[in-house]
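Shared between the two complexes below is chain A, which pairs with chain B and chain C, respectively.
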Partner chain A sequence: MRSLPLMAIAALLAFSPTAQAAEEGKRITVKGEAIDTWCYFSGVMGGPDAVVGSAHHTCALWCSAGGIPVGLLAEDGQVYMVLKIENDDQSNGGDTQMSIASHVITADGMHYQRDGINYIVVSEVVADDDIQVLNHEDYGPVPSMAIREPKK
Partner chain B sequence: MKTACAIACLIAAPLVAQDFSANSEARSWNLYAEVPARFEATVVDPLCLLTGDCPDNCGDGKRQLALVRSADDAMILPLKNSQPAFSGAANELQPFCGELVEVDGLMIEDPDLNATNIYLVQKIRKSGDADWIKANRWTKDWAAAHPEAKGKGPWFRRDPRVKAEIAREGHLGLGLETDEAFIKEWFE
Partner chain C sequence: MKRAGLLAACLTLSVPALAHDGVDHANKAEAQAHENATALPPPSGLPFNLDLGGAFELTDQTGASRSEADPEGRFQLLFFGYANCEAICSVALPLMADVADGTKANGVDITPVMVTIDPERDTLDILGPALQQHHEDFTGLTGTPEELQEVYDLFQIEKSVVFEDPSGAPVYAHGSFIYLLDAKGQFLTVLPPILSVDRMVEIVASYAAS
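Let's turn to the complex of A and B:
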């Protein structure tokens, strides 16, 4: 093989990872908790079980208001970064995303995956089951300064 | 044969893990899975890139922004700016929408949590610029947007939306009665 025809080279490159466009979206329905993705992935406040649910709710509010991406932590452990909910594309600190902090929701939408990260564009919140993970008795407030000791 | 090898290399290049820690001056946050990373990238609107929904100026600050790294075309999602204040990175990237920049910070790579290509940005500069800009504008942006919440203490204790939500549902999000009982027991 002294040289490859130009068309063959073009065809090979077209299927290489760099040349591929973003993956096609796929419609999914996913049930999961709306989490603060930084605390979950970084471990900055402890293990993954401590940075979800009621123990972490105040921090989830802070982080959502602070513009940290909200993710849906699905039952299989996958996290879907929420880019849009219904008609609201304010993923940087928006009211809609903040209103579901720590809630377990069922979302119908389009799933995209790029470079190991899952993204979801939610077309409909099918169900909002409020906070389901009741872990405040186990962990206390996470971080502890989330609830200040009342003045006596 | 040489041509075939060159093609194979071109195809394989992005699959080979690259080290972006060289020349990084990122400060450690002592995180389990942190890796210093300095690289050149284009600031993009991921919702636009993935779906074709592309408002002007990357959504003018409403949306999360991402970094498409020049070296391997990987889309990196910055979750955090450099402030220890529950603040994200989109405000830091917004002034550079569509531009080629250099960033320095910490990548989080934790296979146990499926964490990859997520990032804490500590400083940023337009590609070719000499001076870095610290990724710490978020609290200034918040203060400018909330003059009514001026006062002592960190922003998250004064934020009107957070205060309203806690006043409505409590710190645990389970209602005020549950909150009151828990706080009483916890601090006894």
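Let's turn to the complex of A and C:
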């Protein structure tokens, strides 16, 4: 079962010429977890269940601070790349992005598709349900170096 | 430093994974769950009319004036970063270089361009060598704070200091998407820096062909 992450990325980014059509955006309200897209799609830190929620929270913060775009993993499994959020004209590292890392949020915004990729410009985070996937007891911190054991 | 180390590890460990097979799944159900989780519906042609880009005038690493148009008439990959960045720039700049090579192999010349977000440190003598270690065609652009701000505004780029490293130098959070421009500097599309080289090459080729 190797190659699934790449297959998944290929599926995510499947090309369609029709996706280049310029039309008006579609307003949507979507609920999902604010994820670290790099670790989620690369698979290097583990499977998809390990790189979400409380297990991956610390890494998600630092990936966001380091420039990795935040994604919104919706309840139906779709991933929306966040282009902007509320009054913050960036996709990562801003106060809002940091405060919602790994949280399940409900976002109201404009949905776009381009080159087969879903994008969202979040106009408002209408609900923040905090971290809902409490998987740290199953996986520990992912990666393990994210939180070090205190020195005795 | 521990935090910076985590970030660096996260980014550098992830680079080869995008080019290789990725993880093993424990069983079929887990594998199917991942596939389902990351699959998108067929693209439906929903819109992308973000109002990005426009005319600008900056200075390249040779000291020459450089507008949004590519002097060689090439497509352009535009990124906003800084030479000393050890986070996303250390991923995006080599990625852009690889995409430039990949598109050239397909007969499409493209110029990778970085507009600095740290003009104080990215002086002309720093900017050129730092970028050309990634690719000989890399163009670095800088300018006065006012000139640069105009370009940041065109692409809705924000930057903020996350912390200072032990030497006191600022470490920035900044926009990390890569923008595809045509030879005249017109914005064509946005490329998330998590894409593979092959996928970016494919996207560029689709615009070059249209």
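The definition used in the following text is that the second predicted complex is superposed on the first by the 129 of 152 C-alpha atoms of A that agree within 3 Å, B and C clash if a C-alpha of one lies under 4 Å from a C-alpha of the other, contacts with A are read in each partner's own complex, and residues count from 1 in each chain.
Just so we're on the same page, contacts are C-beta pairs under 8 Å (C-beta built on N, C-alpha and C of every residue); 3 or more make two chains touch, one makes a residue touch a chain.
All figures in this text were calculated on a predicted structure; none of them were measured in a lab.
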| item | value |
| --- | --- |
| Touching partner for A:Gly140 - first (chain B), second (chain C), both, neither | first |
| Which superposed partner A:Trp38 touches (first chain B, second chain C, both, neither) | both |
| Touching partner for A:His57 - first (chain B), second (chain C), both, neither | first |
| Which of chain B and chain C A:Lys26 touches, first, second, both or neither | second |
| Contacts of A:Ile131 with chain B and chain C, given as first, second, both or neither | first |
| Which of chain B and chain C A:Ala101 touches, first, second, both or neither | first |
| Which of chain B and chain C A:Asp49 touches, first, second, both or neither | second |
| On chain A, the residue positions that both chain B and chain C contact, one per complex | 1-4, 9, 12-13, 16-18, 22, 25, 37-38, 40-44, 48, 58-59, 62-63, 65-69, 77-79, 81, 83-84, 89-94, 112, 114-117, 119, 121, 146 |
| List of chain A residues in touch with chain C within their complex | 1-26, 37-49, 58-59, 62-69, 73, 77-79, 81, 83-84, 88-94, 111-119, 121, 143, 145-146, 148 |
| Chain C to chain A touching residues, read off their complex | 2-3, 5-7, 9-11, 13-14, 16-18, 20-28, 30-31, 33-50, 87-89, 91-92, 156-158, 160, 162, 173-177, 189-190, 192-196, 199, 202-203, 206-207, 210 |
| Interfacial residue positions of chain A with respect to chain B in the complex | 1-4, 9, 12-13, 16-18, 22, 25, 37-38, 40-44, 48, 54-55, 57-59, 61-63, 65-69, 77-79, 81, 83-84, 89-95, 98, 101-102, 110, 112, 114-117, 119, 121, 130-131, 134, 136-137, 140-141, 146-147, 149-150 |
| Complex interface listing, chain B residues touching chain A | 1, 3-4, 7, 10-11, 13-15, 29, 31-34, 46-47, 49-51, 53, 55, 59, 61-64, 72-77, 79-80, 85-91, 108, 110, 113-118, 120, 138, 142, 155-156, 159, 161-162, 165-166, 171-174, 182-183, 186-187 |
